[in-house]
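Some structures are shown below for you to check.
The two complexes that follow have subunit A in common; it is paired with subunit B in the first and with subunit C in the second.
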Partner chain A sequence: MSTLVQDRLRAGAFGNAVALSCRECGATQELGPFYACTECFGPLEISYDYPSITREQIEAGPANIWRYQPLLPVPADIAESPNTEPGFTRLIRAANLGRELGIDRLWVKDDSGNPTHSFKDRVVAVALSAARELGSKVFACPSTGNLANAVAAAGARAGIPTVVFIPHDLEIPKVVASAIYTNRLVAVRGNYDDVNRLASEIAGEEDGWAFVNVNVRPYYGEGSKTLGYEVAEQLGWHIPDQTVIPVASGSQLTKVDKAYQELIRLGLVEEKPYRIFGAQATGCSPVAQAFRDGHDVVRPVRPDTIAKSLAIGNPADGPYVLDVVRRTGGVVADVDDEQVRQGIELLARTEGVFAETAGGVTIGVLKQLAESGALDTSAETVVFNTGDGLKTLDAVADRVGPAATIDASYEAFTAAGII
Partner chain B sequence: MSTLVQDRLRAGAFGNAVALSCRECGATQELGPFYACTECFGPLEISYDYPSITREQIEAGPANIWRYQPLLPVPADIAESPNTEPGFTRLIRAANLGRELGIDRLWVKDDSGNPTHSFKDRVVAVALSAARELGSKVFACPSTGNLANAVAAAGARAGIPTVVFIPHDLEIPKVVASAIYTNRLVAVRGNYDDVNRLASEIAGEEDGWAFVNVNVRPYYGEGSKTLGYEVAEQLGWHIPDQTVIPVASGSQLTKVDKAYQELIRLGLVEEKPYRIFGAQATGCSPVAQAFRDGHDVVRPVRPDTIAKSLAIGNPADGPYVLDVVRRTGGVVADVDDEQVRQGIELLARTEGVFAETAGGVTIGVLKQLAESGALDTSAETVVFNTGDGLKTLDAVADRVGPAATIDASYEAFTAAGII
Partner chain C sequence: MAVSVRVPTILRTYTSGESEVGAEGATLGEVIDDLETRYAGIRSRVLDDAGALRRFVNVYVGNDDVRFLDGLATPTADGVQISIIPAVAGG
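Moving on, here comes the complex of A and B:
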């Protein structure tokens, strides 16, 4: 089959990407719809023949992730194919939050401005390109939320049949925000693990299905690199001293590190030491636990946290997260659900950013690390918000509300003592 | 008081703006917290001493509305003051939707990517700058939704005390999405008109309050011009033949026209004929009714529509909308709530954009105009989506959902006949 795939590929289908290489044994194989090493079953990663590229060339590109096309496994004409055009989201100076936490130079990378309001639009856009180039007939994923929204929206815009699998007992808002885009939303009796298993089964049985987070996962993952590129570019082309990133599967954190390394290698930023920190919710903190215990192996857990978008009990990239964090002198830490809620409120009150629970996790961990001294509060620090509070309203709905309910008169207003 | 205000203002506080001028009698007055003409009580508008400016200068600016700073009533250093950094949202080529409607060259300007996911972030950012320069102590608004979110978020980030007034019976999600940013949310017993009246009363009684849509309204309104600038720039510096814009107060439509006129005047685009179309929901369509009747006066109505963000029964800029639409050869039309829902679904299914009800209105009207021949289907057309479907889930919640609910097995999946 692999030769057939190669024969079908057009020249430059994957841009400057040249091969898939195993993250465990280093064996390489040709580009195709593959995700496991044929030698050792290790996970595959994209390798590139890196081009020479200048800051000016990048800055002349579109205000979305395709400005980094030469560093992604997508064709040079990617911007011409219908896609959701995600990325180049706000990096805002967070002086108020910094003051609150005693951090001198703090920035928030706010990915809620993406088309379906999470960073998933980035990875899905790259997976969509791979699906298109591989001639996939169906675009699909198992998901409980953000990924479902992103895949359904991207598939609709690309005009490719899209099938999204969700647990049958998902909250109505999450169902609506996916079903609006596709008439092939499938509810599965069971929990997320059951849904995931079914997806893998279908991927094995059916030809031509691109499950974004299963068989085109190596391409998909590369989309997260754009977060790292953007942070560096938006800071004026340098890598921040410290970056605080949420950990679900762990892929995003490792890809931001990969992005920083690439920028150095390409001479787009100066080489410098930097530290990467991982953030988990205590109710699903297998990587933080392994970090604390000094282990290389991540022991799976059964998730129990309000931060559902981070609730992966057996994170595929957990060991690689430990590698990156230890190599760069960072920490993986966790906060409980009450601290997650406080983190959401703190970010909203200080910077006007309404994060989903995952953002509450990173803010909570940032606070903890600043207080414990694990984070250098005098160093330039970037913290990620990867999702949108409108999707996880329940987390804070019973904590915030009107200060007063008054009659519609000036007297009633002054009597209420609002200000 | 006005002299005191002038004395307090720093040089360049309002950029290239030079005066407030009456839209009715043309009388001018100095810049300050004024919104009604001292001669005739007509609405005031910002006048500029227009600079020379090139496309290259604009393109070198930030990827937000401040790239157009020289054309807004804000200081040259606006980007240094904490604000939500809205704008430069996606303009996507809508080939699928165009095919569906028989429109050859169609684009969607999607303002749901703004910080609080509506175009209100644009106008609020400009109002915030005015409040800051005028030395206002309090930043405030009456609102039922998008404006409340935008004001509360911007005020939090700017660190200015913010008071937001809402009707007491608002839906919980809308309350939460404002209350998360401010502990000075005030629920008022009554409907939106009562809340609005109270706001005007407070604006009259209290010194130093900046009500974004009351006493700093002339500045606020200018923020909508950025939608017009962006559309022209993103099309490669030309004005589209046809633009379809929702009409609530009508301000946005008139400001997009103002933006197009300014771009022509400044030589940034070529002069050409263009048509502007207004879109209303039938349940609140006083401007569409006046257009059909050939009247210059807009007769107020009591709103009854699911498109609540457009439900202004007595639109302040209604007569000016009629002027612009008639001058440019456009139409103001309306669609009923069922067509609004269909419009939301159509845009989501074809382009992966989940619009709020206001976007359903513009898509519904676009469809109607294309079918009736009122719109030239061979001309380049831009349609606006100004808000986010996540905020108006109820409009479509009972219309979309899973295609099937199945057991977690491959057999169950194939038996369901999904694809």
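Moving on, here comes the complex of A and C:
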């Protein structure tokens, strides 16, 4: 089967990527729709023949993730293909939030500005390219919500049929914001881990399906590197001292670290120590728990939290999150649902950024770490907001609202005591 | 106990392409031993050198992840379906 894959591929289909290699045992495999090592079940990673590349070349590229094409498993002509063109979202100087938390130099990487309002558009764009180059007939995913939105939209734009699987009890905006793009949205009775298992089984049976976070997951994961590249570029080509990142499967966090390592290796930034912190919701905190317990494996949990986008009880990259965080001197911590809501409100009131629950988790953890001293409040810090508050309105709908409902008269206004 | 085992793509080289095979055993550990007698080499793909489940393998007895049950000691009732699934998916 694999030789057939190679025969069908056009030259340069995966850019500078050369092989898949097992993160556990190092066994290599040719590029194709494969995700688990045949020797040990370990995750396959893309390896590259890295080009030499300059800051100027990158800066001359498009204002989206394709400016980093040479560092992604995508062809040189990727920018001409129909895709959602995600990335290059704003990095905002968060002076108000910083003052509130006592952090001197704080930035928010606001990835709610992507086409379907979460960082998932990045990973999906890279997975879409793989699906296209592999000649896949169906573009699919199991999702906690945001990924479903991104896959359904990208498939519509690329003209590839999509099949999208979600847990049956997702927030309504996330359901509608998938169904609007596809008539094959499937709600599964069960939690995300059940949906994920089903998708893995389907991926094993159906030929020609590209499940973005299953059989083309090695490509998908690479899309998250662009968050790391962008942060460094937007800071004027340096790596921040501290980066705080939400963790569900853990893919994003480990890929931001990979991005920082690549930038150093390619000479695009100066080598320096940096720390990476992971954020989870207490109701689904298997990685934070393993971190506290000093374990290097993660014991799965059954999630129970309002942060549904992060509700993965059996995180595929959990062990690697622990590796990255421990290697860089960071922490994985968690906050409860009340702190998640407070985090959403705090970011909105201080910076005018409305985060979804995942962002509330990350801001909540930032606050906790700043207060406990685990985070160095004098060091340059970047915190990620990876999704949009309009998708999880219910989380805060009973906390905020009109200060008064009045008649349309000046007297009524003054009587209401608003100012 | 006669059980059926769903085999992931990467192990089908051992089962001559079969995606579902029969096996015997009163516990998951026994079922895996039995699979080894039928499809030599398959056990060391699923278990590590110490004989524990590899960290990137999920095994389900019926609908339940065996890490929520008794791991390799999980009982396997007659007719139950066991699924072996790579764990590195999701996000």
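General observations
Here, the second predicted complex is superposed on the first by the 406 of 419 C-alpha atoms of A that agree within 3 Å, B and C clash if a C-alpha of one lies under 4 Å from a C-alpha of the other, contacts with A are read in each partner's own complex, and residues count from 1 in each chain.
Criterion: a residue touches a chain if its C-beta (ideal position, glycine included) is under 8 Å from a C-beta of that chain, and two chains touch if they have at least 3 such contacts.
Just so it is clear, the model here is predicted, and its values are computed rather than measured.
In the superposition on chain A, A:Ser52 makes contact with neither subunit B nor subunit C.
By the touch criterion defined above, A:Glu201 lies against subunit B and subunit C together after alignment on the C-alpha atoms of chain A. Contacts of A:Tyr181 after superposition: subunit B is touched, whereas subunit C is not reached. Contacts of A:Ala156 after superposition: subunit B is touched, whereas subunit C is not reached.
Of the two partner chains placed around the shared chain by superposition, subunit C is the only one that A:Ala316 touches, whereas subunit B remains out of contact. Looking at the superposition, the partner that touches the larger set of subunit A residues, subunit B or subunit C, turns out to be B. Looking at the shared chain after the overlay, A:Val123 reaches subunit C, while subunit B stays out of its contact range.
Shared interface residues of subunit A (contacting subunit B in one complex, subunit C in the other): 194, 197, 201, 205. Of all residues in subunit B, those touching subunit A in their complex are 63-64, 82, 84-85, 88, 90, 92-93, 95-96, 110, 112-117, 138, 152-157, 159, 161, 163, 166, 168, 172-173, 175-177, 179-190, 194-195, 197-198, 201-202, 205, 344-345, 348-354, 388-391, 393, 396-397, 400-410, 413, 416, 418-419. Against subunit A, the residues of subunit C that register as touching in their complex are 6, 8-10, 13, 19, 45, 54-58, 60, 63, 65, 67-68, 83, 85-91. On the side of subunit A, the complex with subunit C involves touching residues 24, 35-44, 123, 142, 147, 192-194, 196-197, 199-201, 203-205, 211, 213-214, 217, 220-221, 248-249, 251-252, 297, 299-300, 302, 312, 314-317, 319.
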